[in-house]
């Protein structure tokens, strides 16, 4: 389906890899040579990006067939066959690296997300992503987070209201009377009715202000576990609570057990190592 | 200087983050509010992407001033001030995340590269990158590798000849007589004279073939240290030798000490965690 | 500030008007001729698009000076001077039509909106727009609605959840038990926490379902005034209520007085006549 | 057939509507759900934009079938079925609004044009459009004018010569001897031989000058009916005459009866209300 | 001034030349090195493309100064200084080839045109170009033709009506009664009034038909000089006459002397050799 | 196969030719008319661009069938049928000129190259192209050179190292001790290992320096035949030698016989006259 961002990043990636042409292939592989390939997971993880990889092959050459054995979101073990490709050898060689670069990175994000999700299993907390995504890959990485079992925070500045420290500063220095509450009310008066109002709080006093102003969501910024627990008690369901800031896998369970609703983790997208995936091609020998 | 790829990725990244507009800022920060900000390293590492970050701010609003205190390629400690920005608060808030996402990722690549380079200090081996880069960021990540002290392999399929297993397959099954040598000679006869001929070899017998055919560079694919040492002896300076395949930081020193010329490491770009860098903004309070 | 959609529509509009060049001007106006111009409202209304018009002149020729006397959102009478331009005559003639076409259309939208807003003055109802905007001008027309005193509904499919009849159909035929409630709960479970859940209801029974499922907003589709009044009573503040469907200026007051919170009007953008605005140029006679 | 402007406006319109994805549909409609739809005129008018709407659906998803029952240019009554669509429900929901926005606007232009054409039936006058079109939609709206029975004036600054007041100013103040004639002769000497020379005249004296200089077309700017009648007499077929300026539907017949050849009407494109057209979708219930 | 086609071709040309970066310069010229350069004609000819060359340097680096000593359209001798550039050496080296490639080609077209124009000096015939231009350079090459003293035929299919053999075929086989006249009348009835009607004729009988139908221009296709002379006599000023088809420099004078108005020459743009122009750079030695 | 540069130049060329539409065809050829055409060589030469021409027709209308009788790289005589097209007449007429403009130019380059290659037949010298290509057509013209039997030099600044006079100047004035050698060593230390190092030399002393520094390729700039012969002797196979500078067809044989390896000729691409090729269309008469 129409996805101009996907078309743009695929074209950009192919252009930077193929440039004026695959010179090695031109001087070693005859144009008529055909090949088949198998896409293999070389490590265990959660797959994301198979449909994207298919789109890469289709963009390079619509005559390539791409058959997908594993769906985005499935967990696989090392050695699992993810899919097959077949077509002109030159086309497969031209698409190979770009398809794999996308598939490996997105599967890396999905796999990292799945680990975070597993760590909070049985609690009410959702793992959510941030805007700390790879430039150009925002939508794809947000999908990878979902494939890993996580949930998405807003996609960008236009589809969510999150009043941060910097915005609050426009209404007075920290501690200025009623600063948080004024910001929330101002936002509600002006924002589209389709968006919830989320506000960042750094103290329990600010949280009280946010609740009084009927903020929909409060982001608990860099609070410790004891503070979060108290925040949950005070809030008593009147707002959604998001834990955020310096959250690592080893603290995750304790945070989730405070009762917060959401835990946002930038590392899901900015520091996930790629999942090892290969494409084994077999070229027909030249007759 | 003109860099259409840089313009394209900045536009794509800004478009996906800003979308139809920064709604939070619109409903909380008056248009006339100004702000200043300081870019801070929150961890030690090697910086890359400062000029790119400057280009992001300039693209969002040419009236923003961006002052750079640390050059790309410099090592910094946690707490180092990297630069300052000043301008309309709305512009800084709109550019912030995209600038940081690029700067953090590229500095992550530079920092990871520097660690690999340090591990081979005193040997003749160069650390080189691969084509396993982030889609859309190829040129920027290649620069980050240089900023970290590494060297670049080819930028794409057009500026280097690297005959791999798949290309060899077009000339016969593995072990087919003279397959490597035929490929090298075929490439030389057809390729531009500006490019060296590099060929992948998986055995010492194939290396002998490559040397006999006067390949310029041989890529030693997944060899163990003993094989590499023997390869260096046999080659005796007649070709450049590149070690490649499954190379991790802990094996790096031993590989370098075999005497190979180049060690290529995909993880420099596909699995480097982001370097923690923040932008602390101070908005002028509304008068 | 960065606005890729604005750049795109300005380039598209200039390209279709200027094409391979303004042949009339080339054969009648010498290149060195300079001109000044005054932008005049020829009818009363609310202005929107002055900054956009300025961007058009700047895109055609950065040396043109554009001075704005009236801000977007101001009401003017016929004869009001909106601004002045000065620069090379050829540049002004090339930009004139595109700048005016945008300014007239957007001011038409703002003026129409202001009329609708005036009709509900003193009630609690907000006038909101729809997605029935001119293709390519969505963001600009949404701003024009704000300039006219209206509020924006969602900007597109990504920044708001509005479950309509068609979506409900996927969960069963109209009247299927609990169809509305199931849809709302399903959306809440899967949607980003940043977005409110709005659902379209066509009967009061469906409204009850929506309220039971804690929908944030209910869209009252094509209800008559009596039904709306009853809907307000039943809702009792538990959800935001939006009146929608076939709303015309003459019914507006009565609808607003039912107590609904929002009234959405497609005609604000799809059928607003252009406001008559002219650019009177004075060319320096050729010396 | 290739139409880069059409591709550009469709992509722009889809991008602004779909953005990062149709979140409502994603959380309520399963990916495998299919749907069918019927496009219905809800008011009487002349249709334009059916092929454009088809292109929108094809751009969103080439697997959607679009079947057209009414051709562009046909008159329909309220309730007429214009066509049918069928395909994946998610694709139809994503394309729906953009397709309708284009179809409604273009049919609005065609319908308005048809009303103007009807008003001059039986005279020799042609109704022609202007450059006062919606930015980005020039070519489509010009086609809509033809569908409504009107004719096109030039498409832009490159495909016609129309010497206006502003151009004349470069040759001297109004009344400067022979200003109109000099402009016409200068244009003829320099313009491509493929273009006719049209010149704007505001007085009968200027018309005489234009005729003496053998202008091909004279635009009678803001003349009253008596002046136009006299202009027709004086011209005696030596030039084409175009009436222009503040022309409204109720004056149209009288103007046409003066014998002018062309009457240009900006309102055809800048102020035509959209024609009411709906797409009624039926989603298959989830099995 | 705004010229999207110019921006597009410059970006395309720079992208294909610079690609991922000027590697030679990066490894030999320090970033701080500055340089100056002089643009020199190495052969006599007519210059076209100086402003275009300036735009190339500005696109690569806005800090480069470009000073133009010779205007487009001037004749120069070998050794003439055309202009000077100064700025960062890396920027000048990156822009050099693209700027020169455009300047040499366009000056080649201007020079070739000037030779053709000189050959018809003293006659009434204008030399005009065709649509046989370099893909992507249409507008620039049409300007070069004017710089060389020629005139432009239509710029493309949209700004002129030229009914050729192929179009006539739709109305019947050659010789079908009144085929030419019917085509002309049909065109007049449907075409915008801004365009003249030109029709291709291959015989004097067809010319008679064209004249009877009041065609504005007749293209005499592949006629010999005697036929053209007769055509001029028969036409007696009732239409503009264009000679076309296989016209070479040595036949030009004789053709012009027949009295035809226009002679169109494809070779002006499709076969003009480049004019030899160089850029002599002087780099400041590294301190 | 994916070729973004090709897509870009085809779109640019079609847009400049078709613009807002083929008005002549619209007013003379009914939409349902079909046509067939034959592509004919009107002169002898080497064909290049047939696949490109096919891509033009496919871009205009995917329903057009394009059948290729002669492959790129084949020599043909005048009168040879190169291929056939069939489809809607309007589509063929819209694509015709752009397809031919590309095919004629590229075949002109291939034909000129073939003449140069023939002139050195039996020697060891290869004819190579330069970066003096038509802006926007670099990759296509480089392919045409190969079709004519030539070889390619680097495609742009990124895929080859060629140290010229200007780069040397950064290391000292001509004659500065060891300037050439220092440049070569500096390049080797910093350049990717995939690229050979080529350096321009203007004297035999500089050649000696280049050889001592183990340059891979030496470009002999504007040397006479005697100097070249001596250069070959001195080099004795230690480097590849390229003759360059003011090389014309009549000097070519003598240069080749000196024993140089490569002769680069800018005129292959910057001054090749188009090959005369026509498309003869036959439109079905209107029923």
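A, B, C, D, E and F label the chains in the order they appear, each numbered from 1.
Rule of thumb we're sticking to: a contact is a pair of C-beta atoms (placed from the backbone, for glycine too) under 8 Å apart; a residue touches a chain by one contact, two chains touch by 3 or more.
Quick caveat: nothing in here was measured; it's all calculated off a predicted structure.
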item: Farthest chain relative to chain F (centres taken as mean CA coordinates); value: C
item: Of all other chains, the one whose Cα centre sits farthest from chain E; value: A
item: Chain A-chain C separation of Cα centroids, rounded to whole Å; value: 32
item: Between chain A and chain E, centroid-to-centroid distance (C-alpha), Å; value: 52
item: Inter-chain centre distance, chain A versus chain B - centres from mean C-alpha coordinates, in Å; value: 22
item: Interface hub residues of chain F, defined as touching at least two other chains; value: 5, 15-16, 18-21, 94, 138-139, 155-156, 158-162, 192, 195
item: Touching residues (chain side chain A, partner chain E) in the complex; value: 16, 19-20
item: Touch list for chain B against partner chain C, complex; value: 11, 14-15, 18-21, 59-61, 88, 90-91, 94-95
item: Residue numbers on chain C that touch chain B, as the complex places them; value: 1-5, 138-139, 142, 155-156, 158-159
item: In the complex, chain D residues that touch chain E; value: 126, 128, 151-155, 158-162, 192-196, 198, 216-217, 240, 242, 261-262
item: Partner chain A, residues of chain B touching it in the complex; value: 5, 8-10, 12-13, 15-30, 33, 35, 89, 93-94, 97-98, 100-102, 104-105, 108, 131-139, 155-164, 166-173, 183, 186-187, 189-192, 195, 267, 270-271, 273-274, 281-286
